[in-house]
Amino acid sequence: MGTLSVRGITKKYGSLTAIDHLDFDVHDGEFFVILGPSGAGKTTTLKSVAGLVDMEEGSVAVNGIDLTMVEPYHRNIAMAFESYALYPNKTVRQNLASPLKSGRTGHYSADEIEQRILTVTKTLGIDQLLDRFPREVSNGQRQRTALGRVLIRPADIYLLDEPLSHLDAKLRATMRAELKAIAQNSNTTTIYVTHDYQEALALADRIAVLRHGKFVQIGTPVEIWREPIDSFVAKSLGQPEINLIDAVVANGRITALAGAIDIPKPDGLSEGKVRLGLRPSELVPGVQVPGHVQIKGTVRISERLGRDIELEVSVGDGHLIVVTDSSKAVAERDDVVLSIDVPQIHVFAGGDPGQDTARLGSAQQISPVTKEVEQ
Amino acid sequence: MSNTVLTERKEAALPLSLSKVQKIYRTGPRKKGGVEAVKSMDLDIRPGELITLLGPSGCGKTTTLRMIAGLETITSGEILIGGVRVNDLPPAKRNVGVGFESYALYPPLSVRENLAYGLKARKVNDAMQQVDELARRLDMTDMLEERPAALSSGQKQRVSLARALIRKPPVLLLDEPLGHLDAAQRQRVRRELKLLQREFGYTTIVVTHDQSEAMTLSDRMAVMDAGIIQQFGTPDEIFDDPANLFVADFVGEPAINLLDGTVVRDGDKVLVNVAGGVLETSVISAKDGQKVTVGVRPQDAFLAPGVKGTVFVYEDLMEYGLVRLDVHGTDKRVVVQTVAGAKLRSGDISEFNVSSHRVYLFDPEDGARIR
Amino acid sequence: MAKELMPGQKRVTTGGILGDLALVGWFAFSLFPVLWMFLLALKTPAEQTTTFFQFSPTLDNFITVLTDRGRTLTGVDFKSAILLSVLNCAGAVLVSLVIGIPAAYAAGRFKFKGSDSLMFNILSFRFAPELMVIIPVFVIFNRIGLFDTPVGMIWVLQLVTMPLVVWILRSYFQDMPEELEQAALLDGYTRKRAFLMVALPLVRPGIAASALLSFIFAWNNYMFPLILTNAGSITVTITKFLGGGGQAYYNLTAAAGVLGALPPFILALTIQRYLVQGLSFGAVKG
Amino acid sequence: MVGGHQPPTVSRARRQFRPYLLSIPATVVLIGILYPFALGVYYTFLNYSATNPAPKFVGLQNYIYVFTDAAFWNSARVTVTFAIAATLLETVLGIGIALLLNRSSLIGKIFEKVLILPLMIAPVIAAVMWKLMFNPQFGVLNYMFGLGSTFDFLNADRALWSVVLVDAWIYTPFVAILVLAGVRSLPKEPFEASAVDGANWFYVFRRLMLPMMWPYILVAVIFRFMDCLKIFDIIYVLTSGGPGDATKSMQVGAYIQSVLNFNYSMGSTYMFLLWIIIYVVANQLVKLLNKAQARAAGSEG
């Protein structure tokens, strides 16, 4: 158990700034997820907290005690590495016992160590591998061993770097649930790094979205999903990605896709260029709900996604991606009408293609204060 | 590339067929013993069709592709491309384009030279012209002078695809074409690949281990395991009407829930008793008292009285929710997909049910589907 | 296992046969001198200059060079030379390991100011003409009494062994993921314990390979003992059987040559897997 | 941090000093070798010899003498000729052997095991052996090739080429081993792609294999060329630099000057000049290597 407060940490590799003045606090017992694409600085952030990199600036404190200049082995912080970092010359059992035998995580009898190993490996489903060497087990099993080496020991803060990334889809979902159960039951303080938005949504108390070494937004899963601060955050969550289409605000209306979308502009939205964000799962084909925006188009591609289907619908001079139930039986080249509830249409500031812009609000209501987006 | 209008008429596509194809890797000394990677495989692919070979690693899918490409000898059986037996032809004479999993670009050569390599090796006169033309059509003119190491994995993938296409092969073979891409790139490249394949009309075989990739990409897909095609059909057939337990389990995510059950015939109704409750099924051939494995897809299950369980965890994924129930009376945990924002907490008691036509029954012994 | 053939490929081709013939040609050239030396070593003094392939083989020559019989006959003390070579070379390798391992670790693990230039300097010794250093060393040794002493030899042999040890081990330390040690630090182990527990066991093959290879190179070295000792070394002593001006003992030379060549060859076979990496100072991974 | 006390801290300066601390012993040894080197450079400005134990500073006189001395230019010519010839021969043969062994024919697999044999024998022993074989009266070569007892491998015209032959005998396996390791480490897939593209053997070799192998070849060339420039032991045993000056390489010349004639300053001048040549050439070759590595990895535009 512990509270973490991080102030202004900065790490450069040559001319490249990996993380740039990051500030954040993680509360006692909180599950804090850092979400970001590869190269955003996620691992560097964790290693800075653990004391494994020499930071240029900033401080790290746990329970109010400044650890910035403290060696990693005095910090009482546990970390699971994405590369597993299992000792190749030790068996799974010896790897798991390692943190308990150093003398700095408490003192354990041989029986206690064995007991802990059994408990942890049962949960992780690797209890039959104890006497194998890391090279003799699969990547997924290695990753679970690495996770086990962290979960087995007491620590103030647990740092997990993409701990599920090397598991196959099925096992990943199972282990995600196990982790959530562990987190719910044990009240540990955890920082979890991932590029998978579903892991973030499933596990997090709060999510911090990281890009180019800076936090773009920190908030609860619901906040991040419903009110993404900019188009980058909106794109980071959801698969397929949110549809972002250029639109024009003029004469009191927002128009896009060669007039296929034509809706009244909400109060407070000034005239000019904007971008609309429509999530594929919010666009419903075939059902005409009164009050919803109707968009006419033609199905160009229909692809099966399990029970759902993914449609690429040509609309005006562009196209929209739509995810819907396969029972809707929409075929390629069919004409469809898509409907979406007005508050579900996100409005972002206009910008060049590839440039991320701030969210202004929804097509229903413009946010009173537009928060400034760090660039 | 997705906006490029492809105007060229369809190239002549050829049918492809495998008949009793077998591959044994000799391992033992003096060529005794060996591993049978592909077992007596039959496969008929129509001209212009895009099919995927889907399966876990080691199922023989890549070996099959390599045998078609000519990179691997065929132990027995035959492969026909456009009706011509190609068993003994070297790769270059088979009229196939190959996209390798790790791209296999020629590292010392620029993208332009990579594309021209096959043409120049055959002393084609207008090689550079053809390269320029294809590069324009694939919208990759600006990277022609780069070397492979300077490209992102998405770009490498496109170069690899372009190189496979340059000789306008009637058959295109792609090994894990989306394997090294991140989720966003995968979505885009998949779409590009599909449109390109439709425009060019090449007979295409894609090897993948990713079931969602196979589902979205294929006209038809062959699900393989242990060197055998378990089922060959459209994505709809594979998902809605799996031939056996392996196919049902391998395709679909989250994976299908499997429970032990006993069939009870009650007048017109066919019921399955599972620990924790009873499910109704439309499988009319099931016999009274028969032991079965019951399959329920998380997407088909819904929270309603039926089978009882305790909530292990509930995950709200915003697009939908997933609840994991520890089914009472068993050590099984089932996953049920719900709408987003369901009010569920660990430890709650809940129940799930499923429409009768979505209950799949399998023989617990050999995994065969009971219809 | 023979390579898998692609369809349309033949196992036996004209080019393949020609290639095999070329290989046979090379290996005939390569192995003949060794064979010849071996035959010569089996000849009696009477046969040494008079026969080529027909003679009555004897192991006498090996016994002669290794015992006092040889010393009385030729005035060359081959047995002491072997012992001295073993002492000098083993000593040099040991010193190089003790000093070289920490340096290799620092160079492979940390990026610090001067690490690259330090490495280039160490490598440049490999390419420096030995005499550039040996002439002054010769003068200095004479002055301070290190001439013809094991300490002196072990000292200058560092020129041969140190660069090899540092370069090979550096590439081993570089290849070892840093996160292994980081994991040990977070497990609660100090840097020293993490090094001993994680890093050292993993570079053990590298230590063995670099030790054996630098031993071989020290063993085979000729110029240092030639200039800096009277007692000589195995390499210097072998040439003495040719008797500069006095009588030449060709059969004994050959016997001594076989004995001198044996240890490096046996050591090389035991580290064959690491040989390529060692020979190229880690520039080529085997 | 059990108990909530402030754990011990380690200052930034101490962290950054760590690698230097570990390098101190090696640096001491380095200095122990750098010092004689510097002393050697100093000698080149003296008239130091065993017969003149109280040397005077003579400025550039040694250099002026050397540069106007035909013997020096001769040894420079011998050294460079030898280095180029030997490196070229060993590289070509080594690549050939590596490619032949890479086909993994049965014969190749047997021979590969003994490939390193000549390389592991001390060059001196090898030279002694060849010296016996070269002997015009009872040498086995003259006997086998029927050259009679007047043909001398080590006469003034042939001696240098005989030395090249012996050097190639010893060191061709070195090139072969390095190149073979390089070839075997090349990725398989581009060659499969090339088979699908229908390229013949020579086209593949020229466009793909050679450029990808080039860094390995260059490493071998660098090692061989540098070592050849400072050739000593083989020549010293085979010919002692003779007949006449025919095989007197720079290091052999310096040895004769400084160790046999006790003229330390003159020997050091020879060596310092050789060192400059080696340093410059090595620098250029390493630059070339870095370029080639970047090219083979495909990262250069």
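Order of writing sets the chain letters: A, B, C and D. Residues in each chain are counted from 1.
Please note the rule applied: a residue touches a chain if its C-beta (ideal position, glycine included) is under 8 Å from a C-beta of that chain, and two chains touch if they have at least 3 such contacts.
The shown structure was predicted, so the numbers you read here are calculated from the model rather than taken from an experiment.
A.B. asks: Kindly list the shared contact partners of chain A and chain D, in label order.
C.D. replies: B, C
A.B. asks: If each step moves to a chain the current one touches, what is the fewest number of steps from chain C to chain D?
C.D. replies: The fewest touching-chain steps linking chain C to chain D number 1.
A.B. asks: Could you find the two chains linked by the most C-beta contact pairs?
C.D. replies: C-D
A.B. asks: On a C-alpha centroid basis, what's the spacing between chain B and chain D, in Å?
C.D. replies: 55
A.B. asks: Give, as an integer number of Å, the spacing between the C-alpha centres of chain B and chain A.
C.D. replies: 27
A.B. asks: Among the residues of chain D, pick out those that touch two or more other chains and give their numbers.
C.D. replies: Counting only residues that touch two or more other chains, chain D contributes 16, 195.
A.B. asks: When you check chain C against every other chain, which residues touch at least two of them?
C.D. replies: If we look for residues of chain C contacting two or more partner chains, we find 6.
A.B. asks: Two-or-more-chain contact residues of chain B, please, as numbers and ranges.
C.D. replies: Only 70-71, 90-91, 93 qualify.
A.B. asks: For this assembly, give the contact graph shape among line, ring, star, complete and other.
C.D. replies: complete
A.B. asks: Once bound in the complex, which stretches of chain B touch chain C?
C.D. replies: Residues in contact with chain C: 70-74, 86-91, 93.
A.B. asks: Mind pulling up the chain A residues that touch chain C in the complex?
C.D. replies: Contact set of chain A toward chain C: 47, 50-52, 71-73, 75, 77-79, 81, 83, 85-89, 98-99, 102-105, 149, 153.
A.B. asks: Considering the complex alone, what residue numbers of chain D touch chain B?
C.D. replies: Interface residues on chain D, with respect to chain B: 187, 189-190, 192-200, 203, 207-208, 211-212, 295-301.
A.B. asks: List the residues on chain C that touch chain B in their complex, please.
C.D. replies: 4-9
A.B. asks: So in the complex, which bits of chain A are touching chain D?
C.D. replies: Where chain A meets chain D, its residues are 54, 62-63, 65-67, 69-71, 74-76, 106, 156.
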